[in-house]
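The structures considered in this document are given below.
Shared chain: chain A. Partners: chain B in the first complex, chain C in the second.
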Partner chain A sequence: MPTASSTAFAPTRSVGDALLNRNRFRILGLTPDDIIKYFFNGNAIVAVVVLALITIFLFREGVGFFGKSQRDLRLYRLAGLEYVDFIRHEVDEHTAMTRDLNAARLAEFQKLTAEGKTPEQVTAALASFDAFANAFGDSIEDVRGTLSDLSDVAIATKTKARVNEDREEQRDMLLSAGKKEEADKIEIAPVNFAAETGVMKGTLPAFRKVNDQFADKLGAALQSSPHVADPKFQAKIDAVHAKARALIASLPQIEKNMENWNYDAPVPASKAVTSFLFGREWLTASFWQDWYGIVPLFVGSLLVSIIALAIAVPLGISAAIYVSEIAGPREKGIVKPYIEFISAIPSVVLGFFGIAVLGTALRWLSQTPALSWFPGFPMSERLNALTAGCLLALISIPTIFSLAEDALNNVPKHFKEASYALGANRFQTIVRVLVPASLSGIISAVLLGFGRVIGETMIVLLCAGNRIAIPDFTQGLGAFFQPVHTMTGIIAQEMGEVVKGGIHYRALFMVGVVLFTLSLVINYVAQRIVHRYRISIG
Partner chain B sequence: MNAPVNPFVARKSSARTIEHIAFGFFRTATYFILICAAVIFGFIFVKGGQTVFRSSFPFVNVPFLTQAPETLYVFQFEGKKMELGDRDFRKFKEERHIKDIPAESYVYSSGGIFPCIVGTVLLVIGSMAIALFIGISSAIYLNEYSKQGRFVHFVRLAILNLAGVPSIVFGLFGFALFVMFMPMLQDFRNPTVLSFPVGFGHYLNFSGWNVCLLSGWFTLAFMALPVVITASEESLKSVPKGFREGSLALGATKWQTIRTNVLPYALPGMLTSSILGIARVAGETAPIMFTAAYVIRDKMPWQVDHPMDFFFQGVMALPYHIYVVSSKIPQNEYTERVQYGAAFVFLVIVMGIALTSILLRIKMRNRYRW
Partner chain C sequence: MKLPDTAPMPHAALAPPEESSTMIEVENLDFYYGQARALHEINISIPANKVTAFIGPSGCGKSTLLRCFNRMNDLVDIARIGKGRVRIHGIDIYDPDVDVISLRRQVGMVFQKSNPFPKSIYENITYGLEIQGISDRKRLDEVVEKSLRGAALWDEVKDRLHTSGLGLSGGQQQRLCIARAIAVEPSIILMDEPCSALDPIATSKVEELIQQLKGKYTIVIVTHNMQQAGRCSDNTAFFYLGKLIEFAKTEKIFTNPSQRQTEDYITGRFG
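And then the complex of A and B:
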């Protein structure tokens, strides 16, 4: 039942409507003006839709990675590759030590040659060391033999399982296409993992013996190690000694691990996630086992960004202060558009410049004797984290500059006036008043510059050297001159070559998801800082 | 006795010295940035100019700008060192009836970059049109129609976040959506993907558009969107409120007001400041790597059988070509020409767009004053 008031108002409103909207043409109850409004409204939604679509499609392609990775890790265990990797790890450690010894020998050789000794004299001087190094190197041979035998077994098992997977897939496809007869023809002989790995585990007693011999030989080699005069050289040898002792001490643990290893132990889903997020290896198209660990790429991206920001932040903020506070109007009128203009330089052109000019120039600079005291100099590679970092700095300077300059300009004028009135000079005003007052803006400028740097692709792809490895931080500052690979670079480099829908393809999308999340987080934090710490006095 | 002392002369103090040093540092930092950029420009211009310009008539290296890339062959012939492009090399051998001449070959190092220029221009025009259309419409909504509220806040948040998304992520997104998923109207049912019959024997197959212009356009346009929206809104805001109020007071509808009293004043500003953002997008390589660019393609974009095929073809693009020639072929005196030449031409195109925008903006600022 209509209330009294509504009946009373109804006629009035319709009269008013009629007066205002006479002869209005309507489609679906909408006037043309409404339609126009909704049209613009629809366009405004596009930004939201695009952001949603990016999220959906990145995850759609990426999430399947974990399932595939878990199956991959399961096969790694079932086929006994994990078991073999216990031995491989031992051998790898030994190889690394041998490499250290060789490097030490090379350094000593160069030093002695520089002192004016003939090659014969040098060889004679190093004879006792060489005997030790050879004994050291040979001690592992038997373990290596076992490793290679077991590797063959494990790989054969894995290949069988893979063939079966392919056949199953084929059969499923035929079945879904309704070709049952053809599907029945495909034979799948299940792999007996228990038997295959049982054979491998059966060699454990023999391996124990081999391992004991290895320990003896290595111990003997260490006993025979010579004492050299050069303290640096001796330090290197001692370092290898310590490592070798640690290896010998760890042998029983390795054997115990091998004994406790079980091919059938379940692989939890979380393993797939952790092996991606914390995996220290990104290894693809390997004969043995592919690894998709994001850590080396993430560290590479971070390292390059740190270099870039270390250069760009002081320069960008200094320029912002200069332009907003010190420069005259004419100078401002030239410098400001110029720096904004820099942001339009295509990154691929900068990358090319890095390859063609900057990389060579930096390496040449690092080879000058006057700078040889600097850690990491001379650089071994032309394209490394520093080359990419320098160019990325140039990319991020306009972002940092414009935003920081805005922030400085937004400081209310009376702040400055009050400071001058108290007798502060211009520099004191800048440092004590303007910069603290606009600090939130400057920090968010730096953050957004960081976002720009970490998302940049072409420069790192062309100039960072593309070596997928965690930089050797034991070298201190030298780590900055090593080639690295980055998250953006790996996507650009490998996306064109992968099988659509495969595990590698999905892994690249997961890297994309990480990048996307990172960019959102950086954006969010930058905004929070601006809102939270904006001075309310104005 | 004492010389008159000017009481306003600054006394020497440590604070003053520090100020001088600090200002010197700020100035040095600023000019260091400018010089670095100038050095890069200089290198590319000088080295690239040697490829693109000639000292004699017509002063421009016409073949470089009008031919497709070819393989370069460098060989010794009758004691002379010869450099020939692929076609000339074959002709040379035929004329002399020689089967084979031992030669070093460098891919893409001869011929020109014409198809890449065409591809880039097509990509920029298409994406610019889409980005401007959607961007300006959104800006009109946000500035003219919307009221402060949840929805508008949400839209603005999305725009802000979209601006920070890395270009390679846009590339991945474009690949996953446009290249791999978008529906195509085809006259057969594709069993491997989602497929809906639409009648007349046609099916909507969600098999994606493949690597093509259309995919590249949308990917680039979405990337440029935040810049265009922000720039357009800025321009709309600068139109005085009185213009709108006057029009509304005379009985004009909202749309009439916007059409006659807002857009004419805001549009030039919108276009010019948007173009700066678009120049930046035009310089991007990562988004088109998997969505629109081919390493090499024999046909020119207009050589298509069916008009619709025009939109569904991949193109060669200048930024991608620069990436290919600088990373996939060695650096030496023969390859250097095409590398610097391509970089130079691309830089000129992008910088040209950016410079036009900046100059127009300065001119515009002097035109309307209210």
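And then the complex of A and C:
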């Protein structure tokens, strides 16, 4: 080494070379540092681009739904299906009442049989009721006839319009292929909606008469209604009475609606959106009219998620508290990997288990007489929201557990020490210091668990019962034991069998968009909460 | 059972430095972390209502001994007592019949890093009472005021009692922790380097506070700051490699230590 005095003003050669190394190892002009940087950069960019493409694709395919749906709804009105549905709703309401009466009769029948009466005695006891129920059921016959006649007309109109649409499409295809002659050969006779619906509306005076007769018959049937001894039975009959009276009272309004109905009234542009977001019916491949309302699916997803979280949150968080605060190192070494192992079970296997074991076991449990006081018991279906919810809980426990445990472990040790030093016991320390200090972490654990559950497909498809209907919440807790269908389930089930680009296909994509948005929001909120919490602790 | 006051001490130098009733009595204490022995044969009698300073190089076991006094070491899985006794008020605190919870209420602790709970100032103080089941609002209000006055913090925070304790300055937070410790009315307060994260002004406030508190509480303070030990303690114990080397009146330790190692350490000629 040269002495300090001799090199006071210039760096030594070797140091200078090291600082200005111009002949470092390079590939294509890139140093190893650059290569590493671009490698990771590239990976990140690929991930971002793929995600963006997926999002764009999802939205592009989905948004087209609204245009198609709008046209569909327009045709629904033009062809007069909407008009016929006024009558259909009337008939449906009546049918629901008849069903109520039948259910009431069945209950009474079982009760009487259980009391030891012979079939003859039971039939005798129910004779006056049966007479009433028959009169009640028959009262609608003429209305039903009208409905069926008009349905035929409307469907015929709709079919014509559909055929025209297809031909138009065909012609456009030929034109764009340059085959003008062939295209000209295709005949398109425009449908005269005014005339077709005019015929239907012309039957309104006749329908008024039919409706009046219906009201009379129904009123007479109600008059003949017997008084029964069993108060429960009587209450059910009374409920039907109330509904029937309401129906009779609403008849003039129905007729008025039909009178005011106009095939040409414009369908507002928002109708497609509202009928998707707030539509209570998801009905496909119907001879009459398809409906793509997401509400039953959304409610189904929400219901199973609520059940799953109601089970998984207490279990997951308690397990996290146990592992992070109570368990010794050995128990920790057993419990933690075990819980985390659950997430390694393929969900289809859990689905099998749900069908083969859990569903049956739960139903068996619900049938034990000791539990019959529980609302909704015994369950009528083996596969229902509860079955799926229990399994989804299992799926989300590892997520909730791991994240909640992290949150608890992240609470600075000195909070815990301070609490113990003040004479707190373990329980007090956990409840008053550790959990509050990690609350935001725990909340985001729950949210991410929720995200996990709402996106799960296989289990709900296999175990939720797949009935597309909003559960009957008037049954209180019983709503949890009804079969439901979910947003994920419907996509998985129907995507395979739809025509690409068709309205049904696009509707499924829209469901996907809703699901995607929901997950995004959940994740975003969870991250915000964690972020806030980091700031407040750090 | 031997009476603490008459027990013969193994080394003359380690006898209680003055006539005073003994609050904490450590007898032949060996302490291990796993296989590693952190304390060797410690014998010390800490007098009541005095300030006792623990000094010594890093890693010599000061904190370990301090944490033996309120059994905070119970929280460390691998920690265990090899042999020996720790008596407080003459009671062996490692006796199975001893209730750790009540022990810790008697022996308060202030940590090196101020650690108020992420709760309001008020809730920080009342925490120790609430876990005892005291919820009478009037009583709590009184205790909050008394403890904050005791910790010389009242005037600074009286208008913001319900704001977060984490919003205070470092020195204020440390005094809040002291207020929290005295709220449960312990007889002993253990302080593990309470000023190491504070600036000189905040430090002098805490030192003043220690002076005010010492009439009512027995205080044991761990410090790396020789001046601080000199300023605010009555007796000083010097530890080295897990052993108690010397325990005497503070003036004596700083002016005329009887052990060579002590002298080297306080004059900075250590190592």
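Details
FYI, the second predicted complex is superposed on the first by the 497 of 538 C-alpha atoms of A that agree within 3 Å, B and C clash if a C-alpha of one lies under 4 Å from a C-alpha of the other, contacts with A are read in each partner's own complex, and residues count from 1 in each chain.
Operating definition for what follows: a contact is a pair of C-beta atoms (placed from the backbone, for glycine too) under 8 Å apart; a residue touches a chain by one contact, two chains touch by 3 or more.
Just so it is clear, the structure is predicted and the values come from calculations on it, not from any experiment.
In the superposed model, A:Gly451 makes contact with chain B only, not with chain C.
In the superposition on chain A, A:Gly502 makes contact with neither chain B nor chain C. Which of chain B and chain C touches more residues of chain A is settled by the count: it is B.
By the touch criterion defined above, A:Gln428 reaches both chain B and chain C.
When the two structures are aligned on the shared chain, A:Pro375 is found in touch with neither chain B nor chain C. With both structures placed on the common chain, the touch criterion links A:Ala418 to chain C but leaves chain B unconnected. Contact with neither chain B nor chain C is seen for A:Pro252 once the two complexes are overlaid on the shared chain.
By the document's definition of touching, of the two partners only chain B reaches A:Val335; chain C does not. By the document's definition of touching, of the two partners only chain B reaches A:Ile321; chain C does not.
By the touch criterion stated above, A:Leu51 is placed in contact with chain B alone, chain C being left untouched.
In the superposition on the C-alpha atoms of chain A, the part of chain A touched by chain B in one complex and by chain C in the other spans residues 425, 428. Residues 32-33, 36-37, 39-41, 43-48, 50-51, 53-54, 57-58, 60-61, 177, 314-316, 318-319, 321-323, 326-327, 335, 337-353, 355-357, 394, 397, 401, 425-428, 431, 448, 451, 454-458, 461-462, 488, 491-492, 495-496, 500, 508-509, 512, 515-516, 519-520, 522-524, 527 of chain A are the ones touching chain B in the complex. Within the complex, the chain C residues that touch chain A are 70, 72, 75, 77, 101-102, 104-105, 108-109, 111, 113, 115-119, 127-128, 130-132, 166, 177, 180-181, 184. Of all residues in chain A, those touching chain C in their complex are 328-329, 412, 414-425, 428, 432-433, 436-437, 536-537.
Of all residues in chain B, those touching chain A in their complex are 15-16, 18-19, 22-23, 25-27, 29-30, 32-34, 36-37, 40, 43-44, 133-134, 137-138, 140-142, 144-146, 154-155, 158-173, 175-177, 180-181, 191, 222, 225-226, 229, 253-255, 276, 279-280, 282-286, 289-290, 319, 322-323, 326-327, 331, 336, 339-340, 343, 346-347, 350-351, 353-355, 358.
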